[in-house]
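Since the structure comes first, as structure tokens, the remarks are kept for the end.
Going in written order, the chains are labelled A, B and C, and every chain counts its residues from 1.
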Amino acid sequence: MSAIVKVGDIHKSFGSNHVLKGVSFEVNKGEMIAVIGASGSGKSTALRCIDRLETIDQGQIEVCGIRVDDPKVDLHLLRREVGIVFQSYNLFPHLTVEENIMLALRHVKKMSSDEARRIAMNVLEQVGLAQKADAYPEQLSGGQQQRVAIARSLAMSPKVMLFDEVTSALDPQLTGEVLRVMEDLAADGMTMLLVTHEMAFAKRVADRIIYMHQGKVWEVGDGSMLDAPRTPELRAFLDNGL
Amino acid sequence: MFSLDFTPLLPYWPTFLLGAWLTLKMTCVAVFFGLILGMLVAFAKRAKVPVLTRVCILYIEAVRNTPFLVQIFLLYFGLASIGLRMPTFAAAALAMTINIGAYAAEIIRAGLESVPRGQIEAAECLGLSKWRIGWHVMLQPSIEKVYPALTSQFLLMMQASAIASQISAEELTAVANTVQSDTFRSLETYIVVAGLYLVLSLIIKLIAWAVGEHLFKRRRAIRLAAKRAGTTPPDSQRIDTVIPGGAA
Amino acid sequence: MSGGFTSSHLVYLVQSIGWTLVLSVLAFVLGGIGGFCVMLARISPRAWLSRAALVYIEAIQGIPLLILLFIVYFGLSVYGYQVPALVAAGLALMVYSSAYLGDIWRGCIEAMPKPQWEASECLSLTRWQTLRLVIIPQAMRLALPPTVGFLVQLIKMTSLASVIGFVELTRAGQIINNSIFQPFLIFGLVGAFYFVLCYPLSRWSQSMENKLNVSNR
């Protein structure tokens, strides 16, 4: 199976804070990988490095054959292959839901208005929000906004999607609708890498789970890893219900 | 006991209207170019080029901390002293443009800085170019947020246009000066002119409101939806005159 | 070009700064008192008073200071009062300031949270006591940056007093320029002097505002 994302021994420091201390993993095509860990373990940082929102100090990152750590990397090319969804949705408040999705389609992929609208309505149907196409973000609930954010990234037909704690800012009752969308995406064969606190979801849906601790990959396994943790750190993490 | 007598002013009403029109014209020209200048300076100041930032700061602070009267004298007489004789209307409009540019730059900059970093990141991750991000994600919502502050500033500028009369530019106050010296009804003339400025202010506020309604469909849509639902729309996103305005 | 810029010219300019400051302080103090009254009227529960104050503010804010200055100056003279330019300018600036300061301060008072009023009411403080002891002390923090900002505007606006012949900094510059015609040098200097007066105040206002915003976050 081909690896879409290859992370090789990356190191990253913020000032004197050594956040990533040699992290390596691979994500194969069609896989869904969940990354768990306490805050400060470096999991969000690692995710952000993959889409070059942060630059690494050491190591290599390769996405769809593109060397992300190369200082001369073609960011536009990279960002067409990678879709990312953030914890705070980051929808554009002055545009309608439909316009939010169409913006990049029209100006990055240079599509016509009609084509862009067709794709926008398509992805909105996928996430179950076709009827909200003309609404503005502030008129939607958090869960709905997050689903729109997923649709916005999905519309660009990325090869891999990154999810950075996308349900952490949501009320528990709104989390479900977002997780359902993500599960559907996985079933459709999307390659996904998510940083999450939703253990039950990870156990059920993820192909592999990576547990990070203090900047390193501590344990890797499938869902059963959460029932029988091998390391005391993972055990403590799970016991704390974090 | 002196009593106000407006009758000698009656034959001058076309002159007054002409003066009002000239003031409106001058203000609109200055606002148009001043806004563009302000946008450019706002972005230039945020660009990571230290020389550019320092020049922008110098420009903004120099304009905001000196009187408009002195600025217009400096421009008009200064240029004349090196042989550049401009028509007074152009000199006045230019001085006003430079003045508005500085205030608009600060107002727009405040708007730009209030755009959450996350939205810029999201736009970058969607592959949008720097220019597209600047226009779609930063400038558009910023203008909407700072629109009230911008319109107040433009109104202040219209009033500052009166100062252009001091270099004999053709506008409403200059007209007033001429009429009052013809009729010897100085108090009445200036009262009439004050009334005309108030009318002009109203006209500009109306135009600004209409432009706002047209440009910012979001506000209209949200207001309509809230009315239908019977709730009041939130107005949490506005930045009102945070920057102390004032042109003169 | 007759003669050059001499040191006596410079002294003349610097002395005129004194008059600029006198006019500014006069207008600020008197306008402040007026503005306080306007603000009280504006927040008054008596509708007619509030509306009258609103009309006053809207009217003064809607006309150029120059026109107001002419109205005061010519108004006084047609009614037989021959006043020195300082008085006319001071009066006009005072009226102008009272409207703007009244509006600024009203905004600050109205920004104070309703619960503060309710709490005082429940302690059976009168409206005036509430204002004096609870609301205004809190509103002052909020009001300081825009008030200092307005003071900067006021100092710049004293330049218009030159139009009715009051010899402050700008007029002094005009007088010198009329004799030796070196506008870049003279008005550049005049601008620099205004800058020296205004910039520290502007920065102070800005830093106060920044501190307020940080604490509000």
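We adopt the following convention: a contact is a pair of C-beta atoms (placed from the backbone, for glycine too) under 8 Å apart; a residue touches a chain by one contact, two chains touch by 3 or more.
What you see is a predicted model; the values in this text were computed from it and never measured.
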Innermost chain by mean C-alpha position: B
A-B against B-C, pair bridged by the larger set of C-beta contacts: B-C
Centroid-based (C-alpha) most distant chain relative to chain A: C
Computed distance of Cα centres, chain C from chain A, in Å: 55
Centre-to-centre distance between chain B and chain A (centres being mean Cα positions), rounded to whole Å: 45
Chain B-chain C separation of Cα centroids, rounded to whole Å: 20
Chain B: positions in contact with at least two other chains: none
List of chain B residues in touch with chain A within their complex: 116, 118-119, 121-129, 132, 136-137, 140-141, 144, 216, 218, 221-222, 225, 234, 237
Residue numbers on chain A that touch chain B, as the complex places them: 51, 53, 75-76, 79-80, 82-84, 86, 88, 90-96, 103-104, 107-108, 134, 136, 138-139, 149, 152-153, 156
Chain B residues within the chain C interface of the complex: 2, 61-62, 64-71, 73-74, 77-78, 80-82, 159-163, 165-166, 173, 176, 180, 186-187, 190-191, 193-194, 197-198, 201-202, 241-242, 244, 246, 248
List of chain C residues in touch with chain B within their complex: 59, 62-68, 70-71, 74-75, 78-80, 145-146, 149-150, 152-153, 156-157, 159-160, 162-163, 170, 173-174, 177, 181-184, 187-188, 190-191, 194-195, 198-199, 202, 205, 209
